[in-house]
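In what follows, chain A forms one complex with chain B and a second complex with chain C.
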Partner chain A sequence: MNRYIPIFLVFLLAIFLSIIIGPAQLNTDILQLRISRVILGIFAGGVLAFCGGILQGLFGNPLVEPYTLGSASGAALGGSVGMLIFGTISPLFAFLGALGVGFFVFTIARIEGGLLRDRLILAGVVMSFLCSSLVMIIMVMGGRELYEILYLLMGYLGVVINSTNRLMIILMIVLSGILLLYLYQYYRELDIISQGMETAAGLGIDIQKLSIIIFLTTALLIGITVSIVGAIGFVGLIVPHISKLIFGPKHLKNLPASFLLGATFLLLADTIARVITVYELPVGVVTSLVGVPFFIYLYRRQ
Partner chain B sequence: MNIIETRDISFSYNTKEILTNVSFSLKQGEFLGIIGPNGAGKSTILRLICGILRPKHGTITVSGHDTRGIERKQLAKKIAFVSQETHFVLNFTVEEIVMMGRFPYLRAFQRENKTDYEARDHALAYADLQDFRKRPINSLSSGERQRVVLARALAQEPAILILDEPTSHLDLHHQFAIMELLKKLNKEGMSIIAVNHDLNLASLYCERLILMHQGKVFEQGSPKDLITEKILKQVYQTEVKVIRHPQKDVPHILLNPKGE
Partner chain C sequence: MFSKAVKAVCIGCVVLILATGINSCEKPVSHTGFKIVSLSPAMTEIVFALGVAQDLVGVTTFCNYPEQAKKIYKIGDFSNPSLERIVGRKPDLVIVNLPEQMRIKRQLEKLNINIFISSPRTLDDIYDEIIEIGRILKKEQAADSLVNYMKMHISRVDKPVLNAVEGSSKKRVYIELSPKPLVTIGAPSFLNELLEMAGAENIFADLEKDYPVVPQEEVIKRNPDVIIVLHPEKITDRLGWRKITAIKNNAVYTTLNQDHLMRPGPRLVIGFKELKDIVDE
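On to the complex of A and B.
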């Protein structure tokens, strides 16, 4: 039985629900806004879940997610700095922040001839704390921008796609698509790495090179994503697990499924975020609130 | 003919010298054992031969070619490495794991073809795993898992098999099964290098032994030449009694507990 069919149907349902459900009456303007949300939701949810799946495979660690490696906090820091300077959210600064911190973590973990993978995770976590503290300082200094920074930290799909940013967003999405396909070619390597590092090296995989490629490419992807929609948590952690539970451990199957499931999950979470209170919640709040119990339920059932 | 030859290889981690000027060779179709105390550098030699590590000095040639000039995937078609890793993070089925041995032959997005399936099935049959093929790996015992790991290496269709302590942590039955399997492979032409801590097993199954001590080759030769009370005392600092195996003409080691 092809398990993609029901997953795809749920995905379509999620798109449909995101478009029709909302506090305002549906008219042409609202429709345009919601379609732009749907596009960003599919993009961000898909990218985060796919990257999460790749990184969990590479590190053989089920608790790694895209943000463990520091890129997300870097984006939040960059965005906050931009806000301090220009008084508004700046995707470019968020993007530079993500890459900057990602690169810094990479430098800490780099040794002659490769990367120390444990050190990479540790450096990422430590850098996340550092970035959080710096963001706090900026928030205290900035005062009135606090609210906007909060959306950057928790994630928000309501970025209006208009004539000024349309081209940039399209370019970012196309670039992300290419990068995802590029990473997908390593599905067999990831299967084999789960058998152990020496086994993988003995089969001809250059682990150091692969780690560097995957780390830098995912940092770039996360930087792009966070710079557009903010740091949406939990999608990259939970969705790959759900994908593996449904599609099994083969990355050939579970990575594309992660993309679809991540997109679906984020669209549904965003729909909830829009209707649950009078004020719109940051979508990251909902992904955590919905994601955590769901995750516990799935794991207990296994 | 020497299928593997190492000349004066040295290796160090940071400043710690692990191997110093190690030279030895593996003849085509030979069953070579590497023995020695913990930390003597045995596993490092295996990793150097498989291309997982690069020697700081010296050369390693496989069928006359310097391994530095061989692409890693190409080397993996020639040499299969059975590491001590039998812990599985993801719960693949036995046949999926054995199919991973075909990695060196496959490009990204290339589907496995008839040759790959045949090599997999042959390896499964050889390791007597047909009844387990659809079973998830984590439902198998450690002895069965060791056979899966060996089958994965056989699916690589290598000319040389390199094993890092293939019988450690196994019960008597599985130790025997693995060693007999290796013997059969060797009879059919496979060249084998195995690190083994169990000197009696090494003595029974290996044609020739290399005794490592403090990063150097202490001695090499037949089990009869190497496994003597004098040499073992020097290298292991342990008083043992060496007798002749009652059925085979090989040495057998007996320990003497103190105070009796």
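On to the complex of A and C.
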């Protein structure tokens, strides 16, 4: 349990850095702005990493995450369809997009009596590319500018918060918290499934039902996240691995740690994004710039 | 035997390509029945202003001014013009906007269709392009007078007045083109030039990008006296923005027509007057 202490301290440090570092002098207004950005960062980083961890546990595949499963890009696709119809990205459409694409990926990877896990990733990545192209077409046809598309596909935390979207964002974050807790209660089942599907089935776990629950809930979470901050990549992939390196395979411990580490990672990436240029840089650029070498380093060391 | 034939065909093709390539280097000149396709809304306005609108056989769906332009055959929108529709009009000249229409420009070049490239960054570029298209369309005089008209109306505020303005410090303006993410104008854009000529200062004039994406904090830090919003979203109730001078003093302008300011054509005259009215207020 005491391994949480250093991680929590780093998390606090990330929050502290995010709040004190920035171009403007700190006053109450700037503080409000930075705190809202920190909240978005904790929410998005935490949710993505947590979902990544739980999906990796469920499918027993280290490469599974919201991005490689196609649901993040699917959410962006759904979101941009909603944007064409209503002029704004709605969580509902993003959820439907994540769900639809996820479902499609499953259908491709499905064989009689189970899932082909390698095919799951292949199908997910392929669908992810397809969705990105469709987002491009839809947005360009809708007269949207390229940077808007880029920021939706890479994600950024500098979202403008005003009286129209404030309540919505707060509600969505609260809902996400509830959904995360709901998923967390399945930690024991996930531990057993990680040992092997047969064992789990032998112990009477309804894998089919659990898969559907986890699949639907993560799709909803990803839909919410993407509709607010865009499709930020890499957090969901690498953070659960780091979490497992530190806390071992037990989901009771590594899922909350994934949340904390994901939040920390995204906050630090965002701080870097804010410091290196005067421009607003999509935070997804930094997460992959930092994430890829770090990931390679970890894997070489193992 | 066979390979020789292939070689001959290949060489023939190369010669043909080279020949037509050289041919297309010559600028076309207007003649009776000259047909133009314009992919640039600003250039469509310019062609109308030069009095040769009857030559236009194709425009984009964005070409909505003057009213008659809406009735001209549409070849697609500004970002996605259809190559087939363009070619189908058998144009003598296609006006292409760069950098946005790079793809279609390459395709047209492959088909040896004459193109006119419009890519103005400064007011002088706009004037040069008007003179150039005027020469091609044999409307040199009309082009001259259009440029003179624009220069007359878009001119620097008189020196003594400017000095006085500088003494009382220029108004610092933030122009917002898009809310998600925040897009504004940097130094290399004619809108920045217009602002300066109107006697104001763009708060992001130090950025060397024409349309930079900026963080909210930078806007708050640079604290503009005036905010011009060129999209429909409300900005006064944003979290953290209430202490900005422009918002405190109710100097947020939302009713300006984007086409008057963003289209490098004759209506910049109207846009400039609107800017000046705001700055002088």
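The rule we apply is simple: the second predicted complex is superposed on the first by the 246 of 302 C-alpha atoms of A that agree within 3 Å, B and C clash if a C-alpha of one lies under 4 Å from a C-alpha of the other, contacts with A are read in each partner's own complex, and residues count from 1 in each chain.
By our rule, contacts are C-beta pairs under 8 Å (C-beta built on N, C-alpha and C of every residue); 3 or more make two chains touch, one makes a residue touch a chain.
Nothing here was measured: the structure is a model prediction, and the numbers come from that model.
After superposition onto chain A, the partners chain B and chain C occupy separate space and fit alongside each other. Contacts of A:G60 after superposition on the shared chain: chain B is touched, whereas chain C is not. Judged by the touch definition given at the top, the superposed model places A:P249 against chain B, while chain C stays out of reach. By the touch criterion defined above, A:V140 reaches chain C but does not reach chain B.
Of the two partner chains placed by superposition, only chain C is touched by A:N162; chain B is not.
Using the contact criterion defined above for the overlaid structures, shared-chain residue A:A201 touches chain B, although it does not reach chain C. The wider contact with chain A, measured as residues touched, comes from C rather than the other of chain B and chain C.
Judged by the touch definition given at the top, the superposed model places A:S36 against chain C, while chain B stays out of reach. With both structures placed on the common chain, the touch criterion links A:Y279 to chain C but leaves chain B unconnected. Of the two partner chains, chain C is the only one touched by A:G22; chain B is not. Per the superposed model, the minimal spacing between any CA atom of chain B and any CA atom of chain C is 40 Å.
Residue ranges on chain C touching chain A, taken from their complex, read 77, 79-80, 178-183, 207, 209, 211-218, 220-221, 234-235, 237-243. Contacts from chain A toward chain B in the complex involve residues 60, 185-188, 191-192, 194-199, 201-206, 244, 249-250.
Residues of chain B touching chain A in their complex: 47, 50-52, 71-76, 79-81, 83-85, 87-92, 96-97, 100-101, 103-104, 106, 108-109, 149, 152, 156. Interface residues of chain A, counted against chain C in their complex, comprise 22-25, 27, 29-30, 32-34, 36, 140-141, 143, 145, 147-148, 151, 156, 158-164, 166, 274, 278-280.
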